[in-house]
């Protein structure tokens, strides 16, 4: 707002006429909104993290974005195959790759972790890559995570035996494919916020995750919310929004 | 086969020529298959029960079918509203109506119940009409039933507290709407045959039972089978097929 | 756990033999889980509110449930038409009806409101009934609400002019039909948790809310979560889960 | 119509009898319609451009078509991969390839540009290939374009800051994937014709562009029209139809 | 902007301090954008017409909106049944009802018609109500219309015989149900802008207009655009946007 | 073509100049095509039958059409409820109503039946209304029919016992709901043309005839063709097209 | 039936007792049906052609089937890629490959062609492979074909100019992708049987042929029938069924 | 339960105080349920077989699981390609691969077969891989199988000729793609339990098995149950559940 303060001073001193001031202010609304919005955006992103959705971007394009931000903030690139990582790694120092999550990170700023924890729970072992994408995202935004894998409802004892651990988290991300029933069972057992992530795990009439998605939207457990299929990143940001309230 | 025996005797005695015999036998294959199939059908239906799908049939048509069978075998009419029953009841004696199941029955033959029991389980109270259709069907075909209602997974304790009773049945029919998760949980807890009936209970993205149907087809519990949406009758016949093996 | 303490005391004193104790404990796991789960459930529901999903339930059934709980806890019945309410009102004292939300409430316990507020925002005036269902649910569970109606993105200025108010809520419920674009715009403008409720408002290819649902699941704003179509109640419970963390 | 004039002259002179004239005229209606329609078609295509949809055509087939038209009119081939272009390029001189748009052009006729401009706007960087296909098509048909990329609504400030430029175009093509919300926001901000192109950008429940398509069809902004998924070419021809009115 | 001029004058004169000025300007961006957008919106709507989507609105609500605008601008209410109109008509003077279009209009301002014409074409007689909604909308916004009904492609001669008339319009709205083939045939015969409106006319696998919608989106005629099913209003606004360029 | 002959004669005689002749011929292509097409259409319709699709047409509109054609050709109106028929019957003499087929006919011209027969076969009794619509249509166009009802594959003997009769028809129309398996069985048993009509008979996942439609399109019996759901009329016209070859 | 005649003779002569005769006849119904059905099947297949659906079959399996039939009847193998053909060709003499149709044929029996012709018409050049599969199938079953390619409705003149040729065929197969409008236009222009084949040609919302399929099922031209997507073989068999009536 | 007996003994002897006993029992419910459930699970799996779903698991992961169980129980791994098997085979002794079923087995425990047989029936040869997966699964769980292949309904004689064999099995698994009509025909001919497995065999509108799935769910034969598309394993477990009752 310094720019406006200076303008008003110039008006007051007569250095700038009222007409000239009017002209200068003409584009102010848009410019100001512009800046407000940038700030909001930055704040949401925590001021310290740049996120790049890697799928479909060229190597050159990604190198350019990463180099521009490197050292200024932490960087997270999602949906990166081993092949793509290898090419990025040849050109940029200090990248780390998570094979399961298919994420690339570059950490230059210390991450200040909040005290509370986000629990990330999967129904099966095939759901783990999505859970790992959520984990990496949660952590780079300063959220501690607790991973609880392979507790699907066909073996209810596995879930029950981990219930104490689950109840300690502030927010829960539940990752499941097939029919996604874990969300309904867990949603009835806990009273924390539950974010459900349907995965494309399954075959035949699972329709690449649609069955799990519909199951979760129709969960008989009240107050469960859902994100897009395989969207571990989105679930993590949703959990991060809750964890910072 | 008496007809064939008599034909062969007539051939042997010369009363019928070989040419005439050939002619008589010409339509035999189809006629015989006809009778075989009728017998199979009758056997499947237990020899004692006529089933009429009531939806879309006129009162006159149903009266005619019922009168033709009355006293010869037991009769089950499904999908009958109170209004339709009242009209049938004015014209035929001895009908019984089940308001929940929307079934009409006429019992003239003693039903011999098998020793084993078919368990019929619902997730919610709204699933009860479908369960009752299954119950009436099971019983008229000579199967005892055990009804266990409202044990949906959002309140897992209700299910757990009924588990002993559930384990005693020889076959289980599980009736659930919304996401149908009860099937997955129960399918993992028992080793009996489990027949899942999705119901059209739910709203929004339940799509009149499609979500429950997909959930059940994709159940993470192995060896669960599924029938059509709201098809309590079909589930009962499937259970009856198993109960008589 | 008093029952167990007494058992151990009886063992110690010899009043009960070890064999008898083993027998008594046999059903303990299930009974205990039973009680634990009931408690969890009660806690989630806030200890003070009974919720009844009214759709498809008979008047008698609802009267019975309400009478059983009346005075012991607050009561919320959802999806009740004016006709049904009139019948309930003839038989039970002290009911209140919200015509827009189609909810019936019976308040006998003082509601202790939390300090923070849940913002409930609609794209159009036709989305208001769903928003009102959310509002009534939020409030009976002790959450204050701020209603911001008719700020759909086709008239962006209406949204912008309410932004300050929106930013003050701790959690946001965004209710929109048609293409649901309000969620994407708002999700990019704020960093609170955003719960999106697609509504069946629209015609033609809106497919009873499917277009809005898909739009919200695919929102380009990160970290937005979604509930079932028209599910104002579910969104409110989700917001309540967040508001109490 | 010279052929008809000559026929009538021959009738008049008696060189041709009325019967012979009748015979000659017998196929006239269809032949004439044929020519009328060819003219219409040619006019629509601007008289100067041949368009070839490259997907699924063999190299030989395309070479044949291109060689037949080369030099007579400008040529546009859409949906051509780098590999296919390389093969075409070995056999035909003067081809130009646009890697993003995946188009091949051969320009032999001067393009007369109209004064007005078609604005082509994308929500994200992944939508650019579709936008480029639109751009190439617009230009070869004599329309100037103004490209405005990456102004999706999750960062509303980017859109607002480009609004002045957007308002100067005569027609707008808006290219967006995911939920396609940019169309609704922009459609409410401008009063030009808006042609929306859903793209297959997104994952999970974006269903290869269906979510964006439905979002755009249900846009709360009035008077927005939609073309097929990823159909940059079709949007360009639609804009060209408008730009020439 | 007088408010800003006055502020600057007060700054210059010292009546207001710079600090106070800063405070006053704080909400300026949003307020200004607010006003800009209102203006845009008003301009789009032509300054003279208020449009009310009647479906789902209460009589009281509509009366209130109409009374507020009556005499200040022309008013169009869409999707109004005869019953609803009768109730509105009892309470407000000067309303006109179009039974086919199901629209209510109140005209208090002279409409200045543009010279050019919008052609509105239907495949069958059942598509006429949607066409009439388009016609009423076009006209209240100052566009002349030419109606050409029942020229579906199963009787190609009807279309061909009206081709001259069709070619005279500046923009075409094509309304068709079933398979919507009229759009493809017409799109190939003319070079004007073509806006296709699928209707829910048809049965069985027409799926309430989905078949027509898909047919139109996949039209082999280039540059055809599509609006939502049965959306005569939307097509008219799209045509109006084009007609005023 | 008399008009053209006369024109050429006038040219020859000098009564009309070549220039005037050119002008007269200018609109000939379209006019001629117009007439050709009308003739084709008339021929297809057999020269003797007017068909009116009754659904959604007003009584007045239908009365007008019927009165215009009455006595000139036979008339068939489809999809007419008893209520609508009663109203038509009050205003027009000589109408006949078929309650099952929901058709109205007015016969003033003798129907000349072809020698060959169209067989119309249903899987169940609920499919009969669609079969009757086919029957009425076949007959008014001069085709004899053989009706074979209720031979669905769950009771294979019923089908086998009617096979001789079925094999005598020249074309077969097979009407079935639910899974439509009759088409596959019958298609493998006969070598006549088979036209399959899926019906909306069924419930749950029959999706108003979609299951039957898909089953028929995927029939393992080669060379079976399919029409729209419940489209008895369309199947009859298809059979009529074949029966007249 | 010689076997039965011999049996009766043995009965008559006393060589076989009635009891033995009964036993021999016991499996007669099924055996006879068996033979009847084989004959029907053979007749349908024309007595001279073996058809093998190549997709998904192993080379060994196909070689075995072909070798077993070679020389006894003509052989048609569908859906064979060039690679697969090359392998078959190494092992079997006398095979012919049609690259467009992707069919392999082995002709050892003279084909007797019927006098009448089957017209095969495509909307675009991309539909040709499906049309060629139909052509090869038609011909090996003794049907002459007339191919008319690339007459889609966006260029109506191409269709009109081929109308005379089209009208000469006894049956028409119409092959079209995208929106399939050619079927509606052609169905209204001719009165022969029309078999529509939707193709998977198109992109975006063509959904691999679903749009064309729906368009054809909903065709406004009466009496058009439809086969599965890309099913040139099925259309040919359907045309063959008609051509032999 | 020895652990509890010991606890009670320690209480009785005073070695452990009541308070300490309470603490020890605190987690008992969950631990006990845990063990009960593990036992149920083990029993269901027959105590002797470990099943591993191979799709998407890494070689290392599978080797680890197999090595852990090898020799302790029999092992079944499903959905393993030849390539994956080759890698497993290099690292583990004693594996057997079934190329059709794509299963790997390791048998170390003698399998005790039940007396009764599970019949596995396919419509076509392309359905055999799914049937083989069912066969391998049935057998490793101690069920004898009878395979009856290629008896689809388009050639009804093949089915009829195998009927005697089919009727001898205790349970039937019916595997079919395309329209799945075999299930309806067979379900009407037998009275055993019938488990239907839709396969993804087919093309075009078979939608990867959806048509077969819908056909089977809507089967006109009563009491047929369905599993997921291509789910031979699930059908086998369902049959095993029935075979052991």
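Think of it as A, B, C, D, E, F, G and H in the order they're written, each chain with its own count starting at 1.
Assume contacts are C-beta pairs under 8 Å (C-beta built on N, C-alpha and C of every residue); 3 or more make two chains touch, one makes a residue touch a chain.
Because the structure is predicted, anything quoted here is derived from the model rather than measured.
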Given chain C and chain F, the chains that contact each of them: B, D, E, H
Chains touching both chain D and chain H, listed by label: A, C, F, G
Furthest chain, CA centroid comparison against chain B: D
Pair exhibiting more inter-chain C-beta contacts, G-H or F-H: F-H
Same or different contact residues where chain C meets its copy chain B, judged by the half mark: different
Whole-Å gap separating chain A and chain D, where each centre is the average of the chain's CA atoms: 38
Geometric centre distance via CA averages, chain C-chain A, whole Å: 26
Two or more partner chains touched - positions in chain H: 30-31, 33, 36-37, 41, 155-156, 160, 188-189, 204-206, 210, 213, 217-218, 222, 228
Pairwise chain contacts under the document criterion: A-B, A-C, A-D, A-E, A-H, B-C, B-F, B-G, B-H, C-D, C-E, C-H, D-E, D-F, D-G, E-F, E-G, F-G, F-H, G-H
Residue ranges of chain E touching chain C (in the complex, touch as defined): 30-31, 33-38, 41, 55-57, 61, 198, 200, 209-210, 213, 228-231
Chain D residues touching chain F - in the complex, by the definition given at the top: 1, 4-5, 8-9, 11-12, 14, 18, 21-22, 25, 28-33, 36
Residue numbers on chain H that touch chain G, as the complex places them: 125-126, 155-157, 160-161, 163, 201, 203-206
For the chain C and chain A complex, residues of the former touching the latter: 33, 37, 40-41, 43-44, 51, 160, 170-171, 188-195, 213, 217-218, 222-229, 233-242, 244-245
Complex contact set, residues of chain H against chain F: 123-124, 152-156, 178-181, 184-185, 187-189, 202, 204-207, 210-212, 214-222
